[in-house]
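Next up, some structures in structure tokens.
Presented sequentially are two complexes of chain A, the first with chain B as partner and the second with chain C.
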Partner chain A sequence: MNTFEVLQKNLAHLSRTHPRRRAAAVPAMQNLQAELGYLDDMAITKLAQITGLSTTELEELATFYSLIYRRPPGRHVVQICDSVCCNMRGADQLLESAEKYLHRPLGAITPNGALSVLPSICLGLCDKAPAALVDGEALGPLNNASLEALLQRLQKGD
Partner chain B sequence: MSTILIDGRTIAFKPGDNILRAALEADVEIPHFCYHAALDSLGACRLCAVEIKPKNSNEAPRLTMACLEPAKEGLEVSVSAAAAQQVRRHVIELLMINHPHDCPICDEGGECHLQEMTVTCGPPYRRYRGRKRTFTNQDLGPLIHHEMNRCITCYRCTRFYQDYALGNDLGAMRLRNEVYFGRFQDGPLESPFAGNLVEICPTGVFTDALFRQRFARAWDLNTAPSICPHCSVGCNTLPGARDGTLRRVRSRTHPELNRWFICDRGRYGHQYSEHCARLLSPRVSGENTSYHKALNAATTRIKATQNCIGGIGSAREDLEGNTMLQALLNEVGGVFTAFNDPALEAATIAAVSWLQNSAGAPSLIEMEQIDAALIIGDLTAHAPMIDLALRQAYRKGAELTLFHSSPTPLAQFTTSAITVPPREMYAKLSHLCTLINALLAGRDISDDPMAVIAKSLIKARQPLLIGTIETLTATDASVLAKLAITLGPNARLTYALSGPNAYGSALLAPEGNAMQILESVETGKIKTLIVAGNDPFSDPRFGLRWRAACRNLNTLIVLDCILTATAEAADILFPVAAWTERGGTFVNYEGRAQSFLPVFHRPEYLPSAADVIADLAKYLECSRQDVLSVLQDTFPDFQVPAPGTLGSPIPVSLPPISDSPSAGSPLLSSNNSTWQTALMSWYGDETLASFAPGLTSLAPATIAMIEQATATATGIVDGSKIRLRGSADSVVLPVQLNQNIAAGTVGIGRNVLVRLGLGHGDPIELEKVL
Partner chain C sequence: METLLTRHLDATTPLNLAAYQAIGGYCSLSAAFDLKPEKIIETVEAADLRGRGGAGFSCGLKWRLRGADAPSPRYLICNLDESEPGTFKDRYLLYGGPHQIIEAVIVSAYALQAERAFIFVRGEYAKGGHSLNQAIQEAETAGLLGSSICGSGFNLQIEVHLSGGRYICGEETAQINAIEGKRPNPRPKIPRPSTHGLWGQPTTTNNVETLVNIPHILLNGADWFRSLGVNGGCGPKLFCVSGKVRHSGLFELPCGTPAGELIFEHAGGLDEGRTLLGFLPGGASTAFLLPEHLDLPMDFDPVAKAGSRLGTGSLIVLDNSTCPVEFTLNLMRFFARESCGFCTPCRDGLPYLAQILTAIASGEGHADDLALLDELCATVASQSFCAFAPGAVMPLISSIQCFHTHYEQHVTNGHCPFDTTTQGERQP
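On to the complex of A and B.
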């Protein structure tokens, strides 16, 4: 069974307890992303068939949440928060220095496919501002030096 | 009534009003973007800031959003307070940061809400010198142009499209200052109401793509109150013309009918009047000639065939044209009907009679309030704005039940949708009637699969029964009416009729005239046939007979503004003015007469059908030649309502329909082995609109639709080809399997029905093509 079929089956079970299939849209997207790394147009189209939402409705959700990727990210993903608290504590400089250090704009993948840095909406880590999510792990407070060290490690890593 | 004070002015408000709604209803302007009377408040734009005076003098005044603050008795509100003005200035400055400032080349320029608000409340100069955020636009199809950089994130578009019109292919993507309003991928917007985005968007993000091809500034357009000629709803419109050509159609508010909106057929169907094959010169025997010579020719022929004359008016011809034709025929000894299809004539007269002998049809705003409905047929294709009204009822929790033969967009909003072959509609409705009677008599019917429907209709506070007449017989229409009577005085009954003036035309001649005329033409008793705004040759069921019969005629006289098959065959052809080029009166599905004015005139002389007939009457030296006096004679208690008003009921009553099925006997279930046809319609499917290239470019593909189980049983697979044979011709079409078509039924479009010479519900031969 491929991922789509598994999802379809899981959703079929779900419908008894959760008659609103639409409610399963975001978990379904996360599931699929865990499998595929990101959601391409084809994935969105399949999800529409499975959940009963339209492709546009799914695109609204997918593009709203910063943890759903519509383009392939690097093997490691650093999401630096740029919302109010982090911004006040220098997130804008962190984002700038990440671009400089990697010689590429935010969102672009490093040549060996190792790493991408993305801005993010508030991560709920305001107490650690300026904060980041590194491959799903909370990190903060960061400064230029610790960020560069981190990027270097991730780039070299595997 | 309770009141609030706005800058010293006393303003009355209704319970539940917010400050902004109360102010706007009283014509007091408070700047705003995201609020819209149809969509209510959101609080997204923050432009409607006002200051509220505190109750105690030791408290500070409070700034708030007028659209979110409930109006309360005695509340003192200031729009002009310095603090409120400052908020508005900042909001505008913020919104204009990324705005492209492309007003000179923007189609919205001159009627742009953002432009007005910026001039009214914004700072006069720009401070921001940075880069602007820019977007890539989408191709949204032939009708709507997309220019995302102009967006101010008021969310009106998606609130209209998704929440109000229940569409799901336009949405708000991304977040923060990158919010993007568009589709998943490029492609035409799918909603039949998408065109309203053009009006609901306060800036130039969504603009009319057809208008764009022949653009004129809003202030350069000639406008006049008009009525949409594309269906029986009678939405109010405001067409705009310039330099002798029609450029666009917009909605015009009618508080009981269409309010702020119209459907895309009404908005984009107008291109028929700019069609390249538009008739502009009279023709006699195929040669262009002068109006005067054409009248002379017609007069001679009519005189020569006195007492052997027939006339066909039309449901899409106005009250004046139909009445004049009827009056003329009375004088020259002829027979009149407004229908070329005897079954449609019977069904329409039955429907109008039932409406007149019941509480009458509800208006659109009344339909929004019903809590249950039984819908028969494809409302979206036959009366799009009634569909939109029922979507509002659905949003408020109404239970909609649908009996349909072919797919219809409303099906997705129903509690139960049952596919019924056309020939079984009568039985289905009669059965439901029996069930309701049984339930009311206290009998247990719970093992009947339709019991739920019967119960839902009985328990409703106000159930609505609505049928689309074009796909019903007179007896079907009558059972529906009887259902309404059975359900008691709270039930409402209505029908989507076959044209903008179907109701008015049905009042003019008794049932049976259509068949009488057809037969008299066939036997040669009628020698001259005058057709005003109708196209008997393209009637699906009777077209073939009309064509054959008309070969017996001495003279076929046609008056029309489009080049129909009948017009092409005319011996004498009078081109007439399109609806935006003439005044007149339509009687809509409720029996509401609404008049309209000419919006502009073309350089060519194009009289209305009523004018042509009046001139003919003069040439023939008839005693009644004047449109107004003929109207007065025909409808003695009727005053033509002034254009731009709400219209008035037409005070004529038809005799009640007797119980015995007459000419319009029900289509009875044929033996099960034969297939029957079902008309597959879509929202652009209407005679005039079929001459509008922008709209028709969106027409669904020509296919034959068959239900899955029937197909499997007969070994037909999706995508295979079948040959369909009718009385006139045979065609080979690809098959599409679909759940939303009745068993044993082949769904085909109007064009194919016409080619085959078959009507909705006729038996059809089908064979697989290998």
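On to the complex of A and C.
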């Protein structure tokens, strides 16, 4: 299914639930991102046609939200919380450890496209600090060893 | 106290509709539909249920001030955009019991005569939002949502809005913009959302924890609800305790439970040999409290009287191995990053504060930096557009006051007085 077909499919649903087309913009972005992994320029252009918003307005939304990606992430996304409760429990070391282990800065994708590690604001997992979301699933408390084991597993594509 | 809001929560296998009804779920619907909406609002006001999302405003009063004659369509927003560092209570409610939330939204929407409700779920809780959507479908199929619910003539449609992910979306008017598909900056407070909210229509926003109390108030009455609190507090409260305690977790306890009981009994106290340095009582955007405040009832007015805010009721605990300067720096970096960027004092002021604090924390601060921080905090708080920046500088101002010696040591000694190995193992 190409980008436009995906959009049309999503629009069929969203036009029912969002009579004001602008309100469908973020749900449409989320649906599209679920299919494509991120929003490329073509996706923004097509979304503009569907929502009636300008590409600038959509860009404004896409870049405002931290969970809307304008660049491709890895097939697996690990979001490590760097807010205060996780920081008190060693989140900084986890983030450093991830960079060292993967030999690349946070946000970069591993060469096989399998994985990216992102810092995140408080994930609401302070009772599991230091914590992370792995493809949306909560994980914690982590330590350097368990994080490296996780990254190794995800990188291998298990 | 027997728990009320968390009794049936199960994040592994949340109750489906049949199981939830078997334990008395959705009973409050018929109780509500037997009453006039004004009567429900009167009861909620008498119960003295105060907003659990941070502001602590009277829920019943908020509902009454919206006015029974507000023009249609009227909207209700259930705020589940929990992003305040230290706060995870709404996550438990969402993942553990979606039907409890739906029941609460239905009876609240009936009281407000709102025909459409939105549940605004933070993007990081997407899987919980998915379960909530499934539960909504179950309720729709069973006739608990939609047209003339249970033959009452009351219609309600609930929609889950999954956020794209930003802290500011938890602010009432920013959330309205987000649902409308606009850039989620906060709006001016006048006209009020109660009259000109979503698409210019009357809109009421309540935190999810506030709303899940409503069915219990309806079924058991205002006096009963008030009696569940202690030390002047009303009803149950979901407290989160995290940071340097042995057992971080969520504790449903009477509103007004003393801070010391929460930290030392329920959360297991501090690690061996550690002493309490202080704690934030209500999430990141509240002022520090000190060991002298351990007897303080965790309720809105007593905490305000002590110079802080109950906020979300989320205690973040610092022991004597925690550098309060570095702790505060983490908070300021968070706020600087999460500023929506709409107004200059906040957008530029918070990174500037974080920059000065970074220098102090790394031992490169100057003697006059503390005065500069104070001055900047006053400017940022008073000149910014919404409540975000005043909340952001609150912990910084109080951190400098409470831990002045630590700040001075950083500046005078040219390094952090705490060991530079992992913070968890530091000794001052």
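Convention: the second predicted complex is superposed on the first by the 138 of 158 C-alpha atoms of A that agree within 3 Å, B and C clash if a C-alpha of one lies under 4 Å from a C-alpha of the other, contacts with A are read in each partner's own complex, and residues count from 1 in each chain.
The definition used in the following text is that contacts are C-beta pairs under 8 Å (C-beta built on N, C-alpha and C of every residue); 3 or more make two chains touch, one makes a residue touch a chain.
Nothing here was measured: the structure is a model prediction, and the numbers come from that model.
Under the clash rule set out above, the superposition-derived model of chain A with chain B and chain C contains a clash between the two partners. When both complexes are overlaid on chain A, the residue A:136 reaches chain C alone and has no touch with chain B. Shared-chain residue A:42: touches no atom of chain B or chain C. Residue contacts after overlaying the shared chain place A:88 against chain C, while chain B stays out of touching range.
Once the two complexes are overlaid on the shared chain, A:67 sits against chain C while remaining clear of chain B.
Once the two complexes are laid over each other on the shared chain, residue contacts for A:123 go to chain C alone; chain B is not touched. Of the two partner chains, chain B is the only one that A:59 touches; chain C does not reach it. By the touch criterion defined above, A:29 reaches chain C but does not reach chain B.
Comparing chain B with chain C, more residues of chain A are touched by C.
In the superposed pair of complexes, A:149 makes contact with neither chain B nor chain C.
Only one of the chain B stretches 147-155, 219-227 or 327-335 carries C-alpha atoms that clash with chain C in the superposed arrangement, namely 147-155.
Common to the chain B-facing and chain C-facing surfaces of chain A are residues 53, 60, 64, 121.
Residues of chain A touching chain B in their complex: 41, 44, 53-60, 63-64, 121. Chain C makes touch with chain A in their complex at residues 82-88, 90-91, 122-127, 159, 161-167, 178-184, 199, 240, 242-244, 248-250, 284, 314, 316, 318, 322, 327, 330-331, 334, 337-338, 340, 422-424. Of all residues in chain A, only 17, 20, 22-27, 29-30, 51, 53, 60-61, 64-68, 79, 82-85, 87-90, 93, 120-129, 133, 136-137 touch chain C in the complex they form.
Contact residues of chain B toward chain A in the complex are 168-176, 180, 183-185.
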